[in-house]
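Two complexes are shown next, each including chain A; its partner changes from chain B in the first to chain C in the second.
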Partner chain A sequence: MSRNEHRSISRRGLLKAMSAGAGMVALAACAPAPAVTTESESAAAPAAEPLTVLLWSSYSGKNGEAEQALVDKFNEEMAGMDLQVDYQVQGNYEETAQKVTAALQAQDAPDVALLSDVWWFKFYLNQTLVPLNDLIESQNVEVDDYHAPLIEEGYRQGVYWWIPFARSTPLFYYNREMFDAAGLPDRGPATWEEFGEWAPDLVSRNGDELEVAAFVHPDSASYIAWLFQGVAWQYGGAYSDPDFTMRMTEEETVAAGRFYHDTVHAYGWARPSKSIGEDFLNGFSAAMMASTGSMGGLRANAEFEFGTAFLPEHDFFGCCTGGAGLGILNTTDADILPYAMDYIAYVSNPENTVFWSKSTGYMPVRKSAATSDEMTSYYEEFPQFKTAVDQLELTRPQDSARVWVPNGDQIIGKGLERVTVLGEDAAAVFADVNETLVNEAAPVLETLTVVES
Partner chain B sequence: MKMEDTAKMTQQYSQSSWQNGAVRRKDGASAANTQVSWVGHRRSRVSDGLGYAGMAVVLLMIGLPVYWMTTGAFKFDSEIYQLPPTWWPQQPTLQNFADAWTSVPFGNFYINTIVTTFFGSGFEIFFGVTSAYAFVFLRFPKRDWIFLILIAALMIPNQVTVLPNYLTVARELGWSNTYQGIVLPGASVAYGTFLLRQYYMSLPREVFDAAKVDGADHLRTLWSVVIPLAKPAIISFGLLSVVSKWNDYLWPLIITNREEWYVLPIGIRWLMVQEGYISWGPVMAGTVLVVLPVLIIFLYAQKYIVEGIAAGAVKG
Partner chain C sequence: MTGPAFRQARAKVSSAERKERLLFALLVGPNLFLFSIFTYWPLVYNGYLSMVRWDFLGPKVWVGFGNFRHLFTQDEFALVLWNTAVFTVSTVGLICGFGLLIALLLNRSLLWRDGVRAVVFSPVMLSGAAMGIVWLFILDPRYGLLDVLLGYVGLDSPNWLLDTRWAMAGVIIVHVWKNLGYAVVIILAGLQAIPKELYEAALVDGAGAFGRFHAVTLPGLSPIFFFLFVTTMLASFQSFDIIHVMTEGGPVNATTTLIYNLYDEAFKATRAGRAAVSAVVLFLGMFAITLIQMRFSERHVHYA
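Take a look at the complex of A and B:
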């Protein structure tokens, strides 16, 4: 036994002995059954011990049930191989990512983790993700069948790191009854200018107070920086280039910011809101931009007919991707790796992606799924969803400033709040935001050159 | 024999304080209009009015969210979002409770919360009661310095200790997903020692002298004299401890990552769906389910707290 080994064991032993002295023995003795039984079962039959792929995820409610159903189906099909996926919900995207970070420290990490658009890159930077190219080849995963903007977001240096699973995009929602009552056509506006012409017919005021708005802007906590990203692109601007060159102060980006400012403070047909979904649902706003992932909840709760449309254009069309995907952590045992990849491929295969999309409202991540018979009949039943899938072809991966700069989403979001809520000039605000982003990006760039050299 | 005398004295002391407290309370209730206030001025209608206004404000601030939560639990989602808000559920429903119960394994979470709260608070109270005794009744070198260090520990924010605790408990001990992992880091908190030490110091010295004369050793003194006398303080502290363990979210969230080990506050978090639309009805219903047991304990233990305040008033 080496010196080191001896030391570490005695340290653990010491801590245990200390806590035992503090009366913990009694407590340990009444540890409940679950974990213990699985251990003793596998100990009783060591030959048939199933391999376990530990999966950490973020969904509860309807989405959680759907993901559980996928896991159950996979386990059933793999029963002959003595393979099991152990599905454990950890909390929302942020909590899941933080717990994975902590668990990596404690050598207690899962094999597969659901990581959101803003989180996977941090694990990539810290070199804790497994490069997937070899596994994709050995397990025959058809990467070409994934929608390009979705799979490309998790692709760097010629390597796939992050596979799309629960992906969403912004979408334009409108209240059909209110549009009808205002004598407007039953479609979304082609351009923001057109919506600007419609808007006065949609609003109603109580004195100077805007009672029913034509449009609502969310706050930073509800990801205004995600939704505004497309608008910046529509004006020909952007938050940044892929190489972290910040573009917040460019004329076009500022023009988009001024447009947001004017909707509230000059034209007066839009309003900043704490919860745009609730405003829309209760008829306090005639339209909104929101995630496709909100469609299920809207469908269940809206007491009016709502329509969906592509995002309005300005000089260009612009719409970003979002949501979460799956990655494999490099603490995974080598004999588990192929099965971890199998699971990821399985839940995003054409058949299952249709099931997942229908249950949750997330986008079908595979091209062949979007045109499958089942999906086609679903479009007829729920045409609003088809709009979202059609728009998917036109989306673009997000700007590095939002997803790869630490806290970038909130930095930009807080800036946008200053524009929409406080009515500050976009040029001044975006200059501040630009500076903060440059500072925050510096350490990332440094790490990145090391990682990718 | 002699021991019994001490016991009797203890009992008398606590009884008399209880009775005095009761009398004082009755006085306060029946003769509020004419009573002379603490500083000796006659109470005017204006100050009475201000007092009631203050109480009303506090009641609204504390009561309104609770009222909103409780009524929200019985409303359909569409009614919750309705503007202007309805103050009473127009179509009362129990559906939210059923939804909350089926979408989260609350039964399992209840068991975990009960076990961790029982042991967590049990240890906290045990360590608080005994260490406070040591600080007040034992003489050892540098006692005040050690107490000062303990007070300093109170000043360290919880958030700072989370990471080192996690590394110790999860990595060194391998105790993630265990009851001891959830309970241990919060088993002893300086707050309890501090609170009880201050209370012990206010207890009448004569009783302890009598106990010493009767030949009581430390354990006997603690058990037969200190604990009965300090019961109101211990129960108040215990209640705070139970509530904080019951509602603890951050630590159990970090140290557990398997469903069979999750506790109730994590269950409420589950009811809030990721990305999209939160259905508040079940969230409110789930919160009511979680709050209810603590509320019952609180109502039950309330009389001891009032007793404690009354006893304090008599001494002052």
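Take a look at the complex of A and C:
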């Protein structure tokens, strides 16, 4: 028995060794083969079929339906020209960016991709985006009609790379019924100090446990680093300067972090939440800061009246932009490029901007859309949305540490989780975060110098 | 034998050998081909990736062991290794332990036995992601089913997925629940394969219930347990879907295991090099454990 076992193991061992060696040879021999097949297939495809602009995007639910409606409308209008947009949803912003990355590797990327605020720069840095100036000119895109803080985010070295589409800002949402029941005015707090005074009237406790919170903090995956950015600015701090000088350890930024800490661990009126939207909708939180892009969903699902307000101030007002825009990948065929630009211009033209904003709550990216008659009457019907549009004028682009450092959003977000969830001191946590950001920014700076020199 | 006769005999042997070799190549070739592409090549390429800095788009920059040095000096990576150990040991222990208890129970003649077996096994067939979402509702500390059940016995639900002390327990519970049925079925098959005569002989020798379990059942199940340990451990090491849906590795990395860290580094942070280091550590860990289990099995596993 034992001899047999021994022999069978050694035979197996021999087989393994042989297969490993032979595997390498076989692999070396066959590696290029699939590429050849793909190339010949893709070369044959465009000649036989009508022109197709492949669009990868990220929306589901109400927002997805609205985007599908825009694509359908475009396709209907273009039917005579034998041009179609092929709309494919790839998952959330992160998943879409991951798939675009993989697709670029496989030389099989979409023509137009929805890229979020934290992702487009990676594609710019790797020179995989098409510079849009010539296309903007040839397709007569009124670039001056886009809101300046939004269009300028995708503008570098005198070139447009990323056109605003589903752009948002953080907004203060409050449950009007709960505010009313607590005897509070029907408006958002002017300052965080004022909200601190109101908060005890909004919470309810079950023993020591906070049953209904006045405010909820999301986790890193739900973009706490995006929402906290404005708070850091309100305190006079920042994550970083545009030249990648990190500012996490500055007194003002740390003070903002300590405020977040205290809302949970000292004042006890806020709590970290797995889903701030659900907590708000279910009456477990009286208020929250969330994206304007959540407004469509809230309006459809809330069983109570909710109000919106500018973000509360501290020493200053502070509110950042966010959301996603559209870019064209440089793997796009030259004959498709003008049509890809046409689609981008079409979905962000004044008329469609109004439709998109009304359906989703994303900001009207065009100035003429924001002041159009249809929009004006919509403000009367749904004043909560007007607040968001008014606030847009006061927003500013985000700090480089969050949007340009790879994974910067999550590095800061996980630090903020340590503050809100674990109750660690913001000074110590932000020092760690600062160090990580400096290290992670170094290769970006190197590449950026090369790309932009 | 001399001259031509010898040469002829040699030619015969080698032609037979050649045929055998051809047959061997034909039988092994297709598998080898697929293994080479989908197993060996990624393994080799991953080793290379662990030595470079690469964001999946730009050029690869050779950094040698820089990625290893970086990760092994980070507290976060130590936490990841610890989480992996806690998750793996707990899930394997609980799956095998509860699996044995339930299998022993279902091996007796019970009312509705077949129905119960089906119920116990059914979670295995469901998708981990879907289960994760269902359990998100169950574990919710304010409106979850578990909170209601705990309320009946006067207990408050912990904040399962947002409290760093409970989040790991939360994902372990769901992983065990999902995979328990698999262990039960395997152990049940093992129990039914133990010859009845052995129990009868033990009974004649005066062995009590515990004695029979210790002297007959456990040794009889040893090959089954060996198999179960290997497969459940490998599955635990690679458990991704439930963690992704329920906690995304949080809060504050409390449920980030090696495989989740690999995903985080590769697809969220787009750092192929550091992700590859996680993969190397995962591979070496699994390889070492499998070797240890094989050595152990030579001594302690009894094949009937």
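A few remarks follow.
The definition used in the following text is that the second predicted complex is superposed on the first by the 404 of 453 C-alpha atoms of A that agree within 3 Å, B and C clash if a C-alpha of one lies under 4 Å from a C-alpha of the other, contacts with A are read in each partner's own complex, and residues count from 1 in each chain.
What we mean here is this: a contact is a pair of C-beta atoms (placed from the backbone, for glycine too) under 8 Å apart; a residue touches a chain by one contact, two chains touch by 3 or more.
Predicted model, so just to flag it, every value in this text is computed and none were measured.
After overlaying the two complexes on the shared chain, residue contacts for A:272 are found with chain C alone; chain B is out of touch. When the two complexes are overlaid on their common chain A, residue A:105 makes contact with chain B and with chain C alike.
Contact with neither chain B nor chain C is seen for A:173 once the two complexes are overlaid on the shared chain.
With both structures placed on the common chain, the touch criterion links A:60 to chain B but leaves chain C unconnected. Looking at the shared chain after the overlay, A:90 reaches chain B, while chain C stays out of its contact range. Partner contacting the larger number of chain A residues, of chain B and chain C: B.
Contact with both chain B and chain C is seen for A:284 once the two complexes are overlaid on the shared chain. Shared-chain residue A:126: touches chain C; no touch with chain B. When the two complexes are superposed on chain A, the residues of chain A that touch both chain B and chain C are 15, 19, 22-24, 27, 30, 102, 105, 282, 284. Contacts from chain A toward chain B in the complex involve residues 11-12, 15-16, 19, 22-24, 27-28, 30-32, 34-35, 56, 58-65, 88-93, 95, 99, 102-103, 105-108, 110, 168, 277-278, 281-282, 284, 291, 293-298, 301, 303, 323, 361. Within the complex, the chain A residues that touch chain C are 15, 19-20, 22-24, 26-27, 30, 94, 98, 101-102, 104-105, 122-123, 125-126, 128, 206-207, 209, 211, 219-221, 272-274, 282, 284, 406-407, 410, 414, 417-418, 421-422, 443, 447.
Residues 77-78, 81-83, 103-104, 111-112, 115, 119, 123, 163, 166-168, 170-174, 176-180, 183-184, 187, 253-254, 257-261, 266, 269-277, 279 of chain B touch chain A in their complex. In the complex of the two chains, the chain C residues touching chain A come out as 28, 32-33, 35-37, 40-41, 44, 53, 55-58, 61, 136, 142-143, 156, 161-164, 248, 250-253, 264, 267-271.
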